[in-house]
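These are the structures in question, set out in turn.
Okay, so chain A shows up in both of these, paired with chain B first and chain C after.
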Partner chain A sequence: MEINSIINEDYTTFQLEGRLDLNSSSEVKQRVKGSLDDGAINVILDLSNVEFINSSGLGTLVSILKDVRMVQGKLVLCCLAQYVQEIFEITQLSHIFEIFQSEEEAAASMVGGYVNASK
Partner chain B sequence: MNDTIRISTPSLPENLKWVYSISQTLLKEIPLDERTSHFLLVAISEGFTNAVVHGNDMNPDKWVQMTFRIGQDFIRIEVEDEGVLPIHRDIAELTELAGPEEDSGRGLALIKDLVDEVSVETNSEGGNRLVFTRYFENQCRTEAFN
Partner chain C sequence: MNTKDPYLQSLLEKLDSTDTCEREHACLHLREYAVDEARAALAACLEDPDKGIRELAAESLSSMKGHETASILTCLLGSEDIVTRNLAAEILYKIGDDSVSALLRSLTDSDKDTRKFSADILSLIGSREAVPGLIDALQDDSGNVVCSAVEALGNIADPDAVSALISVIETNESAKAQAAEALGKIGDREAFDVLVKNISHEDCVIRFAAIEALGNMQSAEAVPRLKSKLDTADGATRDMIYNALIKIASKSGRSILEDLPVSQFRSCLFRSLEGDDKNSCLFAIRELAHWQGEDVVSHLLSVLDSDDEDVRTASIEALRQNAVSAVNVISDALESNSPRFLIDVLDTISYTNNAGFARHVGSLSEHEDPEVREAAARTLGKIGDRGSIGILTKLATDEIGHVRAVALKALGWVGDESEVDQLILGLDDPYPDVQEAAMGAMVLIGGQRVIERFREDLVHPNSRRQRLAVLALGWIGEEQVIGPLISALEHPEWEVRRGAIESLARIANQKAIEPIEHALDDGEQQVRKAAVDGLVALQGKDAGNQIARLLDDPDVWVRFHVINVLGSVGAVSATESLVQMLNDENDIIRVATAKALSLLGAKQAVPWLRAILSDDNPDVVDAASKAVEEIERSS
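Up next is the complex of A and B:
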């Protein structure tokens, strides 16, 4: 999996590309955890290039959500592909994650601006 | 079309890529739309992951065997590992969706939602055998989530 991180003033964006599964989960978790250890608080996970997710990937996102909560931060997801969105709905995880249709909406949520969440 | 394809692999997470490759090649040969093929691939990945992580406890000396049976109107996938099914647990309990804050426990629940039939039994070697079936005429089932 390709992981690019972009550090902004109020948040860090991680752009993921590939399959989010057993093979890639630990790498994603370590990258975000490392960022939190370095002082990041708010995190956007841009999933626009994640074409596939299974329960290993979902479990990792839940784990990351708890890590971010531990530092009193905020985690939001954005740009989910259709099938990935459906997996979130099937597993009812769309209820615990803040999910936005665009990175702009996700970014606005980090700085307190008005946003129109997709859920 | 009536075919049976068997693959065996050590319990290594990286072998999931190999499972994807074989499965995708196979799924192209049967009459499924893109969405159904995608979700069937998710179910296959869950079956393999479950066998590697929970069945064989990530022990590379233990093997996972996958059997793909393709009939006129169905595809049936059997995933066998060398683990032991926890006692006193039936399929309803095994496929129960984990709570939203849990890091794991969604794999079998996902399979149940993405296919038409699912069962777990003990195979002749004493290991687990997960069996799930998707019928071709039901391929619009996931449209309900749109």
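Up next is the complex of A and C:
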């Protein structure tokens, strides 16, 4: 699987390409975990070029979600192909992931709010 | 000589009857006569001792409408009987624009109550046609009439009234506050100076009205003037100023508020949540979304049961952002008696991902309302705390199917292989939704135990279970499911065989090519079509030659499908075989073939396509003609 990461000020985008299965899962998880260890908090996973995803791939996404939550960050997914959307429906994972149609919308969700919490 | 319509005459006479039914009958049918006598008689019935007659007469008059009806009714505005007067006013309002000229005439009536009521009704109707008359009424001797006219001009909100209202502020002390309010509603810049002048008025009613008016105008220009009064104002005036600033901020943006003292600003935001102004309330909710603390969360919870859907939605959104700052307050809210409120709070909690809520949410697993239990299961799943597994397992055996389904889904999100046995029980549930939820959860958990279970289910006595199993194996998609899926190609149920092909195609393992190729000879046409799709999914247009052999299929729909697939994947190698299909006995096959050859841009097919331009079927001729045109154009 090809994994391309782009670091932005508010979030890091990982563009995944290929099959997200048992063989590629650990690599994806390690890449995201490494990014969190380096200080990233918010993560976008761009799945537009993921042609196949199975149980292992889904399990990896759930595991990444837990890792991101551990650092009080936010994980969003974007650009799910029809096939990937189907498996999200079957497993009802669409209820626990924030999913956006485009990377622009996903990015906007990361920078959309302002924080004035200290008042 | 009496020239009246005899029926009209009889209806008018019936109005004098002591029999209520007769009078009712007359009231009902007089509306069909658009003559003054009928209108006057009905108007008189508004004073009938019987309530039913009065209401029927009012209904008839409302339906008759027209200037004439309005003229008659305005005479009743001076009635000493309050019921009659109110009925007349109500009908005049219902008649609407047709009442305006009669009401304008009444504005100059000798009776001051009639003048006041006329202004009030004109205010409700809101027609700009009334503005000049209402401006004249500002000079009325009666203070009540002036106040009603001022209010009417504010409600109509015509800028033409601004100068006259400014004049009222400057000269008429008793209508000053109403005039300020009216100018605030009109929102015209011309009123700005006079309103600013009055924000320091010694009379608090006038002062408040001017401040509120500046808030209603929502002009950022007023902000420095309002802020300049904050230091010297008393507490109530300061609150008014804050409310006005919040109204302005709801239009101009929050930046105007940034330099305000936090504590009072926060109090005003809280007050805006309780006020009548929806925009201020929504602004306050959105502002508070970025604040933290138990008091903020408590106030946001207080609007969560609003009847206004926008307010409710905004408060849910705000609470999602800051609920985690007040775990105790949110948890306490879970003791509410309102199921809708509880579901909204649970929805809020589900976005916090905070395990601190899990215990409190779990306490709702025995709530009497199944929708609350369902929301609790969903929330526990979203929170994702393994400590909730026990509660979710219990909810997976709930008496209500929806609750069981959600609990099983949640077990899939939170659980691991330890939960597989519970999920397997869900596969045996009588409700299909629950079975599918269990299947989805098992797919998500995956692993050898799950694969084994679905493998066994391929020969389950229940055919639905077999179909679910073959689908599930496809979604699991690991190397070890390929074997069982290939075996399923020999399954006696054609739907299972078809599902196996779809799953193998999805996994896209090359080992599946040969077995799927064998399935091209399956006895069931649905399976043969699935095999065509499967081979194309695995090999793309390289599958062309393999699937082209089904061009001889005895089933017309298989042939039709193959032709369409060959065309759409660009299987040029199949051109020669396709050309033969132009002679198929079936019209739809000839049409589909012409279209497929067009998609392939098959120049060598042009002579054969031309040959069928004389086909008996015009659809075939049309398809062939377009194909020739397209092929020649693209070459």
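Just so it is clear, the second predicted complex is superposed on the first by the 112 of 119 C-alpha atoms of A that agree within 3 Å, B and C clash if a C-alpha of one lies under 4 Å from a C-alpha of the other, contacts with A are read in each partner's own complex, and residues count from 1 in each chain.
Going forward, a contact is a pair of C-beta atoms (placed from the backbone, for glycine too) under 8 Å apart; a residue touches a chain by one contact, two chains touch by 3 or more.
All values reported here derive from a predicted model rather than from experimental measurement.
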Touching partner for A:S63 - first (chain B), second (chain C), both, neither: first
Partner chain in contact with A:Q92 - chain B first, chain C second, else both or neither: both
Partner chain in contact with A:I44 - chain B first, chain C second, else both or neither: neither
First (chain B), second (chain C), both or neither touched by A:D21: both
Which of chain B and chain C A:N54 touches, first, second, both or neither: both
Doubly contacted residues of chain A, that is, touched by chain B and again by chain C: 21-22, 52-56, 58-59, 62, 66, 83, 87, 90-93, 95-96
Residues of chain B that touch chain A when the two form their complex: 13-14, 16-17, 20, 35, 38-39, 41-42, 45-46, 49, 52-53, 97, 100-107, 109-110, 113-114, 142, 145-146
For the chain A and chain C complex, residues of the former touching the latter: 21-22, 52-56, 58-59, 62, 65-66, 69, 83, 87, 90-93, 95-96, 113-119
List of chain C residues in touch with chain A within their complex: 262, 266, 289-292, 321-322, 325, 353, 378, 381-382, 384, 409, 412-413, 436-437, 439-441, 443-447, 450, 475-479, 506-508
Interfacial residue positions of chain A with respect to chain B in the complex: 19, 21-23, 52-56, 58-60, 62-63, 66, 83, 86-87, 89-93, 95-96
